[in-house]
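Look at the two complexes coming up: chain A is in both, with chain B in one and chain C in the other.
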Partner chain A sequence: MSETLKIVSHSVIRNSSISVNGKMDFTSGEKDFKPFIKGAFRHYDLKYPKFFKMDNLCKLAMIGAEVVIKHSDLGNISKERIGIVLLNRASSLETDRAHQKTIDSRENYFPSPALFVYTLANIMAGEIAIKHKFQGENMSFVSSDFDAELTQNYVANLFATNKVEACLCGWVDFDEESYESVQYLVGVNKSKNTIFDNQTINEIYNAK
Partner chain B sequence: MAELEEQLKSQIIESLNLEDIEITDIETDSALFGGGLGLDSIDALELIVMLEKFHGIKIDDPSQGKDIFKSVQTIADFIRAQKA
Partner chain C sequence: MISSLGFNSAEHIEKLRQSKSGIKPCDDALLYPTPFQASIIDESRLNEMKYEIDSADSYTKLEQLHILSIKDCVSQVNIDVTSGRTLFVFSTTKGNIDLLAENYTGGINVKRAYLHEMAKVVSKYFGNPVNPVVVSNACISGVLAVNMAKDFIEADLYDNVIVTGGDLAAEFTISGFQSFKAISETHCKPYDIVRDGITIGEACSTIFLSKNPNGSTILIAGGGSSNDANHISGPSRTGDGLMMACEKAMNEAKIESSNIDFISAHGTATVYNDEMESKAFNWLGIQNVPLNSFKGYWGHTLGAAGIIEIAASAHSMQNNELYKSAGFEKIGTPEPLNVIDSYQKKKVDVVLKTASGFGGCNAATILVKG
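What follows is the complex of A and B.
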């Protein structure tokens, strides 16, 4: 079945820029992540107040997913049949550190519930699923490097075992102001689209 | 008298990351939950932490929160009662 799988649309976020299907879609003079991603949120007019409560990893995942989904025709696919498979290196380390700071001192011990809920990497997939009401398979892997093969094998198997009809996939990594999101939507029989294989995934990731 | 209420509004905005909300957007008597602020259960927990962190008041029974956090006014009244 994997030969019929296609990449319907893809987005890349790095260096204060967002590209969609290889074309620049948004760029900002802001070098710091927070003003950059806030600018992107305003640019795409998302109107989702919960965005501001998210940690940086989830904000990055959310914007990357938003532009991919916006550029993908999901047709009549049920939300229950749309999966999310993401991968990253730093897991939720940035928020883990922030949480650690709130519990380091006995005299100033104020763990924040709003922070604590982001101390798991898979919440990035969860936030996307909540916003878009995707109820299919939801998986987050932690890997030392971008791994096209891992994602390709796992997602191809989801399709082969009839678990999903579309799947948002990608690499979303954030650690100490270093960030990168490469997300793509995989679907079946979109004849005009790019074949979903390791070579294509790597080409999308490595595109400048 | 209203200084505490204004202070609370500022602390709520900061603690709950209400990026698009100004102090003037929060009515002192308006419901904090189920209204336009879009607050959820995690925010309720965050308000309990806020009360302890900024005002030194610990709520041992979270079920009390329903009455205390109805509005900025009820929070302010609770703080004043605790400190009286």
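What follows is the complex of A and C.
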């Protein structure tokens, strides 16, 4: 590949804090996820009522994506050329358990489409795509650990085969109240940006 | 290929030639409180087959299916599954979701409901040293997994990729689709005027892709995916997303729409999915190409769908024959389609395979016989 891929912007959400490009952007005294993410939603003044219908995983993904995209100059890249490649550990298990509870008892049987639709890991990419009108490539991986190499291999190839001009990537995991979002936008030739490689992605992930 | 139609590819092809569906009425209160139709793998046959698996009872039903399917696939080729140049890729939406049920009595640790745990258990069975990749992207998982395998081989990351897809007709899934009122009251009828929803199926299928032809003449020549950016549980009303995915696959494969001999479409038999596909295929100018949906044979098999349908398409190419779109009688899409209404012999050199799913995702792949 002739062009160098760069990380245009990145966000990290964990421990009731959100950092963007390595700098703290929002922090909350709320230890629990729900009040924390609601506080973040208000802080960024999103005005997006659909947010309140989403499950925790999608809320986490939405906020993480929002701040990355806000800090990324996408120039005149067509939204049909912006991909979304996400990875996590627990897939949608948090919501899977909730759906399972609605069907465990025949006496108290109440499966709901509003819940069931969130029992897929890629719905978070769908929610981000709807909000930002990104119509490019989609991929959702499940892995035991943050796997920089898998994403790097896959995304570099999307660029090499000219299927994307920009790609929102990252790790968004929610499981039994523990949560973590590390998202980054990969683009081409933004000379001042960081190079997109395994080492850089791991540094972003491991930064305290 | 493992589904209600059998435990290997030959059994499937025989039934496809006879246009025989595996969908049957199902009155199992453990799966759903009222009777419905589904495509279910023969349990007594699985109980016989599982003796081919070492310590079979230490694996879940889906893991057993994966092991049997992979064994059947790799037994037909000369390949070292223990090589670091061989990658296992799993395509699944829900994996061992049956483990979450309160009434689950199988004795397998619930941590195997984590998709990567299932993948590791199965790849370890075969002694493969590489961390397996799990693709879980709703109903396009299988097509995406095959496209990724092609990319990874072309990028020289691996020499061989074993792509396996599986999902169960679990209570979890059936109850969810029922709550959407997405399940047909009868047998699913893709593209038909009276179609009224999907039929759930369970299946497991494996495709072996290699940088060496290994005697095969079928090439995965191009792939693409997209998002409608429109709705999380309903397809695009225009078909623009599916059209873009197909265009990317065709561009990569350097295939013109006039070269396509057969479309193995998604065809879930919901009103809106099939409508959307008809619009996309008309936009692409491929509405006259013979098209089927395999869902009328084995139902919608979710994470297995792309894999088993690409496998069936490859047989269609090898045998130069087209299989009837089971359940179809009279066209019922707003734009015309050339739905295959009977088994026929025809030269099949180029196939377009498509899939669309929840989350607004679409994927396409082009298979070329060289």
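In the analysis below, the second predicted complex is superposed on the first by the 206 of 208 C-alpha atoms of A that agree within 3 Å, B and C clash if a C-alpha of one lies under 4 Å from a C-alpha of the other, contacts with A are read in each partner's own complex, and residues count from 1 in each chain.
The rule is simple: a residue touches a chain if its C-beta (ideal position, glycine included) is under 8 Å from a C-beta of that chain, and two chains touch if they have at least 3 such contacts.
Here the structure is a predicted model, which is why all the values come from computation and not from measurement.
S.K.: Check whether A:S112 is in contact with chain B, with chain C, with both or with neither, and answer first, second, both or neither.
M.R.: A:S112: touches chain B and chain C.
S.K.: Quick one: is A:D96 in contact with chain B, with chain C, with both, or with neither? Answer first, second, both or neither.
M.R.: Only chain C; A:D96 stays clear of chain B.
S.K.: Applying the document's definition of touch, where does A:P49 land relative to chain B and chain C: first, second, both, or neither?
M.R.: A:P49 sits against chain B, while chain C stays out of touch.
S.K.: With both structures fitted on chain A, tell me whether chain B or chain C touches more of chain A's residues.
M.R.: C
S.K.: First (chain B), second (chain C), both or neither: which does A:N122 touch?
M.R.: second
S.K.: Between chain B (first) and chain C (second), which does A:G22 come into contact with in this model arrangement: first, second, both, or neither?
M.R.: After superposition on chain A, A:G22 lies in contact with neither partner.
S.K.: Just which bits of chain A does chain B share with chain C as contact spots?
M.R.: On chain A, the overlap between the chain B and chain C contacts is residues 111-113, 117.
S.K.: Considering only the defined contacts, which chain B positions touch chain A in the complex?
M.R.: 15-20, 38, 42-43, 45-46, 49, 52-53
S.K.: Would you tell me which residues of chain C are touching chain A in their complex?
M.R.: 33, 93-95, 97, 100-103, 113-117, 120, 131, 133-138, 140, 144, 148, 151-152, 154-155, 157, 171-172, 175-180, 224-233, 240-241, 244, 248, 252, 357-361, 363
S.K.: Taking the touch rule as given, give the residues of chain A at its contact with chain C in the complex, in rising order.
M.R.: Per the touch definition, chain A meets chain C at residues 79-80, 84, 89-91, 93, 96-97, 99-100, 102-106, 109, 111-113, 116-117, 119-123, 125-127, 129-130, 132-144, 147, 150, 153-154, 157, 160-161, 163.
S.K.: In their complex, what parts of chain A are in touch with chain B?
M.R.: Interface residues on chain A, with respect to chain B: 38, 49-50, 52-53, 110-114, 117.
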